[in-house]
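The structure under discussion appears below in the form of structure tokens.
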Amino acid sequence: MKSLALVATLVTGALLFYSTGDFAEWGSADSPPNQHVSVHYVEKAVEETHVPNIVTAVLGDYRGYDTMFELVVIYCAGTGVMAILRRREDEEDES
Amino acid sequence: MNSNLHMYILAAPLLTSFFLDIFGRKKQGLIAPFVLGSLALSSALAFVVLGRVLETGPISYTVGAWLPPWGIELLVDPLSGLMLLLIAVVALIASFAALPWVRKELHDRVHLFFILYLILVAGLMGLVLTADAFNLYVLLEITSITTYGLIAMGRGRAPLSSFNYIIMGSIGASFYLLGVGYLYLLTGTLNMADIAQFLPALQGSFALGTALAFVLVGLWIKMAFFPLHGWLPMAYSQAPSGAGVMIAPLMTKVTVYLMLRLMFSFIAPGFSMYETDLQSMIVWAAAIGIISASALALGQRDLKKMLTYIIVAEVGYMVGGAWLINEPGITGTVLHIVNDALMTLCLFLAAAAIAYRTGSLKFENLTNLYQKMPLTMAAFTVGAFAMIGVPPTCGFFSKWYLLLGGIEAGQWGYVVALVFSSLVNAILFFRIIEYAYFGKGADDHGHAAIERNEAPLMILCPLLLVAVALIVVGLSSGPLVENLIKLAIPAGFLG
Amino acid sequence: MRIDFDSARDQIPQRDMIVETAIRLMVPFIQLYGLYVIVHGHYSPGGGFQGGVVLGASVIMLGLAYGMPFSKAYLNEGTSIVMANIGALIFTGVAALCAFVGGMFLDYSALQTILPFISPVDWRSHGIFLVEVGVGMGVMMIMVSIYWDMASAGKMDEGL
Amino acid sequence: MEQLTSEILAKYNYWIYVVLMMIGFYAMIGKRNLVKKLIGMNIFQTAIILFFVSTGAKAGGKIPILNKYEVLEHGVNVNSIVNPLPHVLMLTAIVVGVSVTGVALAVMIRIYRKYGTLEEDEILQKIEEENG
């Protein structure tokens, strides 16, 4: 079991390690992520939302749908913890 | 196009769950009307939306009125409209049966159960709608977290199975997120259609192959594709029955839909990836998965456990059918998503009804059920026939399309696996029917010792409804394929 | 590794005057800072999640110093659940309201139809603020509720 | 030699992320203790966060908080501000990770109360004994 896990880990690691060869250089301003969608945010976010903090503008507005579900995720965690732990005495697990 | 109807489908269960937490804690009587009302509203709206989409064509909706690559895009096309309707209807039917079960099993945690239940439904609907790769991850985690919670509410081994599911599910989601990260690094965008535009230029890049591999493997873990299925049987069979009737039909099917959606966006025909051996490798893996899962199902002595292994085999059907990448294969896959959701719902409802009265689903305890619960067993038999693929029921038609697709693509391993699995299903279900019909032996024939003891109407009525639906959907397969599923498949995959 | 929950709850540790006093002095400032992080999210790093966690941490610190029952008395359990739901409802409610008044889901500028004297672009800014307040409330209450459940293993009576 | 140094500098973050990810992944599937599995999950998520944030870095970039009036008047030089999108995505991913950890810890408390241990082997042994 452990050797199987080790092999799986090494294979995944090798795959990821080898594919870093195709990546743009770290910190380069010309890499695709820094050139396509994000440019619009940096240039226009302040104008379009009047929020100086671009991260807040993107989080709250451009990708607000994500953030809504982010709150729902943490709400689920709270409800889930309650649902898992709050059992009546008579349905208690034996220890 | 400024219609928000499909957003209300999603918002109705979501908002209801918050109100349920405020009001349902004090007044248990409010839970049933809240849950049923919101899901009924969703189903009705989903029906209207599907009709509208068929009339006017796909709607591209942008949340927050930001144009697609910058904002989050939602796509309502015939396929997602069909899935929305399926999710809403299955959740509505399952919630009828869940109510008595949850009151019996969970006592004062009923409202917590239904909060998670409603958010799970909303999450599944969101998954079906979204056309944004990262939003898909967030929603995938919502459905996972609610499912972890629902499963861990069960008794006995449930927490341990839930923990295994948490670890496997997190690996799947993390792999998916890594894959999306790679795609973002290579293209600079998260919108699926926008990513697809950049892909032809990136052909042959090793990083792109890695990205797609991670996305696919992540989804395969989530849908329990054969070698990665380890978490599913324990998790689904240990879940509280009220949760099982909803999770089992919907979770894996929605994940299969997601794989289809990603294939439709990323792997347009003509793109080199599917001309390689990869495609037939996946189909072979599916074939091996179908055979192994069916063989494992033969070894089970518990009805619910056996059903979970059949689910794993069915996932093999759908993954294999999708990767045949020809018209009958994909048509069959979409049709099978619908049919399999209904068949699994029928069988799990029957299992829930039997367990409600007998308390156990071990084969030895299923004796004389035809005398005790004739209506339940009639519905169970219809479900079993559908699972085997006996003609008037819907299971036959989707299997027929899948077979045709396999023959057209020349994937004989897959065809053999389909036939083998149908035979195994026949053996499995006739074994149960034998137990349930003939019972222990001759000593109690003639005596009126066995009383009829059907499950409560809240479970029985939805069960009978689904059993009828199995036949109705089966008989209307032709129109369904012609008028709906043909429209749902992108033009490149047809013909 | 091997903790017996029942006996662990019997031995609530000795109260420590230094810890108690220090936390009593710190809590108001932490809460003020949490509010600042939420409210000032437009102009500095921060926002609803971060501020909510800081606010939640202040209540959890009270629980750690004085025992869980004290923090439950400090922040009523029923109130906390209702507040968590109101927080979530603010976000989803604003989102649905935007759709309801004729815009798209989460399109804050559509709220102009309700209060027309604020420009659509400013409405986006205020919409983000509204939503962040909801997030802050929700996250704070849920963090505290998770702490209560974990500390008392679901019994909600005693614990750290 | 210089070429090697520049190569290392260019890919250093990504290599470190792969190493972190491997540690986390191995802990998740190889370790037999449930707490260690959970810790592995958190390391895995941290690795992903490092990866995403690395994609948005710009050499010499400033934080994406601008002066409103100046920007409205003069505009902004894109290359001097780091990419905000990966940070937004990772805020979401962090919250998701916290939630999963919370649920996992709650499940673990129930497992511990039932079996009295968090070693997977011992738990499986106890289940065997229960089933006879």
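Think of it as A, B, C and D in the order they're written, each chain with its own count starting at 1.
The working rule: contacts are C-beta pairs under 8 Å (C-beta built on N, C-alpha and C of every residue); 3 or more make two chains touch, one makes a residue touch a chain.
Since the structure is predicted, the reported quantities are computational estimates derived from the model, not experimental observations.
Novice: Applying the document's contact definition, name the chain pair with more C-beta pairs in contact, B-D or A-C.
Specialist: Contact tally favours A-C.
Novice: Tell me, please, which chain's centre (mean of its C-alpha atoms) is farthest from the centre of chain A?
Specialist: B
Novice: Please report how many Å separate the Cα centroid of chain B from that of chain D, as a whole number.
Specialist: So the centre of chain B lies 29 Å away from the centre of chain D.
Novice: Measuring from the mean C-alpha position of chain A to the mean C-alpha position of chain C, what distance in angstrom results?
Specialist: The computed centroid separation for chain A versus chain C comes out at 21 Å.
Novice: When the centre of a chain is set as the mean of its C-alpha atoms, what distance in Å lies between chain A and chain D?
Specialist: 8
Novice: Taking each chain's centre as the mean position of its Cα atoms, how many Å separate chain A from chain B?
Specialist: So the centre of chain A lies 25 Å away from the centre of chain B.
Novice: Residue numbers in chain C touching 2 or more other chains?
Specialist: 43-45, 49, 84, 88, 92, 95, 105-106, 108, 146, 149-150, 153-154
Novice: Where in chain A do residues touch at least two different other chains?
Specialist: Residues 16, 20, 23, 31, 33-34, 37-38, 41, 47, 50, 52-53, 55, 59, 61, 63-67, 70, 72-78, 80-82, 84-87 of chain A each touch two or more of the other chains.
Novice: Mind pulling the chain B residues that touch 2 or more other chains?
Specialist: Correct list: 14, 21, 63-64, 134, 138, 141, 145, 148-149, 152, 159, 178, 184-185, 190.
Novice: Report the topology of the inter-chain touch graph, choosing from line, ring, star, complete and other.
Specialist: Shape = complete; every chain linked to every other.
Novice: Under the touch definition given earlier, write down the residues of chain B that touch chain D in their complex.
Specialist: Residues 134, 137-138, 141, 144-145, 148-149, 152, 157, 159-160, 162-163, 166-167, 170-171, 174, 177-178, 181, 184-185, 190 of chain B touch chain D in their complex.
Novice: Quick check: in the complex, which residue numbers of chain A touch chain B?
Specialist: Its residues touching chain B are 15-16, 18-24, 31-38, 40-41, 61-66, 69-70, 72-73, 75-77, 79-84, 86-88, 91.
Novice: Report the residues of chain D in contact with chain B in the complex, numbered from low to high.
Specialist: Residues 21, 25, 28-29, 34, 37, 41, 44-45, 48, 51-52, 55, 85-86, 89, 92-93, 96, 99-100, 103-104, 106-108, 110-111, 114, 123, 127 of chain D touch chain B in their complex.
Novice: Please name which positions on chain A make contact with chain D in the complex.
Specialist: So the residues of chain A touching chain D come out as 1-2, 5-6, 8-10, 12-13, 16-17, 20, 23, 25-29, 31, 33-34, 37-39, 41-43, 45-47, 50, 52-55, 58-59, 63, 66-67, 70, 73-74, 76-78, 80-81, 84-85, 93-95.
Novice: Provide the residue numbers of chain B that touch chain A in the complex, in ascending order.
Specialist: Answer in residue numbers: 14, 21, 63-64, 66, 69-72, 107-109, 112-113, 115-116, 119, 122-123, 126, 134-135, 138-139, 141-142, 145-146, 148-150, 152-153, 155, 159, 178, 182, 184-190, 194, 198, 205-211, 213.
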